[in-house]
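Sharing a structure, written as structure tokens. Questions coming.
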Amino acid sequence: MSTVPVIATPTESAPTGPDQTSRAGKPLGALRRRPAALVGCAIVLAFVIVAIIAPVIEPFSTVNPSGTVYAPPSLHHLLGTNNAGIDMLSLLIQGTRISLLVGFCAAVVAGLIGGSVGLISGYFGGAADVILMRLTDFFLVVPPIPLMIAIAAVWGPSLWHIILVIGLLLWTSTARVIRAQAKSVKERGFVKRAQSLGQRRSRVMVRHVLPHVAPLLLANVVLIIALSIFYETALDFLGLGDPTAVSWGTIIQTAFLQTAITDGAWWAIVPAGVAVALVIIGCYLFGQGIEEALNPRLRGAHVLVRPWKLRPLVGRGPDAT
Amino acid sequence: MYARRGFTSVFAATTLAIMLGLGLVACGSSSSTGGTGSSGGGDLRIGIHLSIDSLNPFVAVQTSSIAVFEYIYPALVQYNTSLSIVPDFATSWSESPNGLLWTFHTRPHAKWSDGRPLTASDAAWTIDTALKDGTGGAAEFAGYVAGVKSATATTSDTLVVRMAAPQAAFLANIRQMPILPEHVWSKYATGKEGAGLRTYPNQPSSGHEVVSGGPFVCTQYQHLGVALFERNPVFYGPEPKIAGFGIQYFTSPDAELLALKNGQIDAVWDVPPSGASSLRADNSIVVHSQLGLNAHDFIFNDYSKQTTDPELALPTVHLAFDYAINRPEIIKDAFDGYAQPASSPILAPTGRWHDPAIESPPFNLAKANQLLDQAGFKNGSNGIRVADGHPMAYTVVLAADELGAGSAAFQIIQTDFQKIGVRLTLDSVDDATAAGLELAPSTKFHIGMWGWTPPPDPNFMLNTYTCSQWGGWSETGFCDSTYDHLYNEEAAETNPAKRLQMVYKMEELLAQKLPEIIYVDADWIDAWNNKWTGFGETPQGFFTPLTTMGLLNVHQL
Amino acid sequence: MRGVDYAVRRGLLALVTIFVVLTFNFVLFRTLPGSVVTDMSRIPNATPAFREAIAHEFGLDKSKWDQYVIYLRQLAHGNLGVSYANEQPVASNLRTDIANTVPMVSLGTLVAVVLGTVTGVLAAWRRRTAVDHISTGVALAFYSFPTQWLGLMLVLLFGAYLPTTGMHDPFLVNPTAWQRFMDALRHMILPSATIALTLYGQYTLIVRSAVLETLGEDYVLTARAKGLKPSIVLRRHVLRNAMLPIVTLIALSLGYIVGGAILVETVFTWPGIGLAVYQAVNERDYPMLQGAFLLLTCSVVIFNYLADLIYFKLDPRITK
């Protein structure tokens, strides 16, 4: 649904300081100290593995019926069958592939666009910054789901269209985060040195700033994977996904259209939603973990989309009561 | 300490309050009875999942809307549940021997719901408007008055219709036309070619019902919501047993079937096969299914200028594909058994019009392979045949209408076609896009899958295969001069026996050329709560534009 | 004055954004394939002349530029065009649709805000205890479930006890005002609950973060060291600070209220703007789509602007 995405967007609160270099280079150590992030990583990895070995572990065919219509879960069919008598567990495993594929690809698209916009905007500043930020503002106000519906309808319901559409709408928060980070990295010693050595600015940006922005970008991309999967199921439900592709979203849609509830076939609906939620939770924990490891002071500030700091109204300084 | 307790207790109190409130709300509030109406007979609550798009007959295109018009507006004639034409507003009629003059005797002393007289002049005005503005505001009515030259009310209950040429299907066509109250509508027949006719919402507003002449009056209408109807106290025909009915729109069959099971509605029109079995298990629900006028087709693009896949225009290829379509399995798996194999587009429920000599070929992959081999389409390296230098791999455009049973049928067809060396891929689009792609003459599609719910008179379906329907109903782009010649003869043939022979000849020609394969005729399934009975069922359900007898006799047991 | 200056600057920005949105709106919907003309020609015995008549009626036979100019001129008069599907003014169609959507979504959002704030503060206050973990975990779970799935689950669980379709029961026999009200409320429960459940998780997480950050501040520690009762610390300092992101969130969410309900309205056949948008896409009803989209996007722009102003009022020290 089209509400404020839970994504990091600090601006001035991005930390600076000499110890950042070392911390940026040791995210893994910090991660190890955060069990939530590890759990998230494990969940995501588990699903990725399932997706890769899907054809091997599917117990039955996902095309031909192997049981009666809407058979309840049993020892034979652990998650029952769907309206065509096809094994639900196999469908769910198969669905992992498409759902994760769409999620990853859309997030990559969003990451590429957002990362580029943020990097250029934050490093170069000036006119480029203003223009790109206005562009970001514009994309921010467009309600995502209606636009995705319209565009998916324009281009037709194919997987790649869905990936592009979602990617084209979710890059804004990444742009903001990367911009803030790029701005702070820009002030660092080694960057200034490279600039004073007369290197071309674009080269400096790519060779020196980008590597320090990359980990944060990665963290953001992971978070966007979660959102992408969410929106993909939404589009599938509204009939704008590829109906021949078995994804978690189309499983839910088929159940809705094929009278699953009337037939009491809860197993045709519940597992797919749980799977989606698990992946999203995994991505969220993992992504948030990476972010916190990179920028501990992000905690708290990162979940707003607007570029505001959380300053105490009463507290330090002359306003303190 | 204090804060924690205080806070948690606030939390608990709030939760408790919310639960109590919800409990009150859930248990309280009167439930709808649907049983006691304003004057006995009760209100029938019907669920549909095709929305009523508009109450203006010049604008609406959905079958559900057109069914509504059947109930609120008089028509000259209608079908009964056996699909014979019977009197409605016209009590009797006669056709001149040369077929150029029709005389209808309409009900004397009939009234509209606002008390104004309902006479043959209203019928004449409606027909005249359809003729005059038939390329503009009244274009939707143009088909109803095909071949008509003029209409006059010689007395208040005599209507004389002059034809430009004899029309075999005239009664079937004029049956579809709702007779509108001239005193309400004539002021809207303004603008370029009557464009104003389409602007009148014709919706009930507070205190004002839609001026109606049929058995019911529309008292409330909410787009994508509920439409309510009450018995018309001044209806000229037999009084319906129910006091009124309501139609509620549902976005999915699941929602309406659930509502039926929970007693929130009383009847559902057009139940999908997947829901029928679970409804049958419920003893309080009656499930009625009968062979419908409900064809599902596999469309070839026969447009001659469509050059990328010319092999798709060959009748041999059509026949080979027909052998490769496994009708029994499709009926069993895709339609849950609620369908019959079909061959001719003039379906069995049309009665004698269906040519019994035409049968679909049995499922025979060997024969299909043989036909394709004979045509010279050899197998390529990856098991796909090659025709004229390109692989026989096609995209099938599936209209959204067909999602469900149709897409399941596609999967079966796709698997079988692999075994004859043809690869099919699915392109599932919404109805509007499908219509755009398949509007003949088109080069934008090769194969399509859709459906027809044709009227009982064969003229409509036969017309779709004529050259003149390019840019109209034709999807196949089929254009054959022999066929057109036959059609023109048939359209004007007023002798029923001769007409029947012509229809059979056309069906045979279509069976030879197979511009599209009608693979099944699906059952029509309706369901209702067993407290109710008297539904007049037809091959298109009880809530259909074909007749008002669907609801006239409905009553509670 | 800094305040006025800020308000004007952001206001101008909002206006420019709206104009860009208008143009984008037009470009997007006029490039949709499957024009409504072809769909509407699929009525019995349609003639090519009829199709031309329809195309002409909706100005589809003019050049894109001409159509654009007409579009802008009509907008200036508050005319959002005429729906293709029922030939009624889009503006009046939308008015009814929005009137149907707002109460349902508002109720859901209200519940979400209250629930989110309560659970967020609770989780932060009892940080790292079981309460925290459970609150956050549940919030995260509900946030991650697909909205339509949550709706279907509610139908599955409560479909036998509560209405799952429509806004009211049209067959009530002579209902009193109270009965009518309760009936409407009953119909609103499940859809609003779906909205609330999908939304609140996010609020919990944000409020928790905001409160946590505040709790770590020196002045709070000072206050507690001074011996101030925790409840006073909570009320006077923590909550006041948490108000900022909460208020911002509410303002931002309001902008998305009318847009976020498409999935819920589809599951529950709620005749609001969400269902109308979906129906309009299927029918290729350009004017309805344009109108709805315009409305949704402009409401977001306006509410974002309001959020800017509110935030400025609450914390004048922001720099931009």
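Labels A, B and C are assigned to the chains in the order they are written; within every chain, residues are numbered from 1.
Keep this in mind: a contact is a pair of C-beta atoms (placed from the backbone, for glycine too) under 8 Å apart; a residue touches a chain by one contact, two chains touch by 3 or more.
Predicted, not measured: the structure shown is a model, and the values here were computed from it.
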{"item": "Between the pairs A-C and A-B, the one where more C-beta pairs touch", "value": "A-C"}
{"item": "Chain closest to the middle [Cα centroid of all protein chains]", "value": "C"}
{"item": "Centre distance in Å when subunit B and subunit C are each reduced to the mean of their C-alpha atoms", "value": "36"}
{"item": "Distance between chain centroids, defined by C-alpha means - subunit A, subunit C (Å)", "value": "21"}
{"item": "Distance between the centres, which are taken as Cα means, of subunit B and subunit A, whole angstrom", "value": "44"}
{"item": "Residues of subunit B touching at least two other chains", "value": "258, 400, 429-430, 433"}
{"item": "Per-residue multi-chain contacts in subunit A, two or more chains", "value": "153, 239, 256, 261"}
{"item": "Junction residues of subunit C - those touching two or more other chains", "value": "33, 155, 159, 266-267, 281-282"}
{"item": "Contact set on subunit A toward subunit B in their complex", "value": "63, 65, 69-70, 83-85, 153, 156-157, 239, 242-244, 256-264"}
{"item": "Residues of subunit B that touch subunit A when the two form their complex", "value": "252-254, 257-258, 261, 272, 274-275, 277-279, 333, 336, 400, 403-404, 407-408, 411, 415, 426-430, 433"}
{"item": "Touching residues (chain side subunit A, partner subunit C) in the complex", "value": "1-4, 6, 12, 137-138, 140-143, 145-147, 149-151, 153-154, 226, 230, 233-234, 237-239, 249, 252, 255-256, 261, 266, 269-270, 272-273, 276-278, 280-281, 284-285, 299-316, 320-321"}
{"item": "Interface residues, subunit C side, partner subunit A - complex", "value": "13, 17, 20-21, 24, 28-29, 31-33, 140-141, 143-150, 152-153, 155-156, 159, 198-199, 202, 205-206, 209-210, 212-214, 217-220, 237, 240-241, 244-245, 248-249, 252-253, 255-256, 259-264, 266-267, 277-278, 281-282, 289, 292-293, 296-297, 300-301, 304, 307, 311, 314-315, 317-320"}
{"item": "Contact set on subunit C toward subunit B in their complex", "value": "33-36, 38-51, 53-54, 57, 85-88, 93, 96, 114, 118, 121-122, 125-126, 155, 159-167, 169-173, 175, 179, 182-183, 185-186, 189, 229-231, 233-234, 266-269, 271, 275-276, 279, 281-284"}
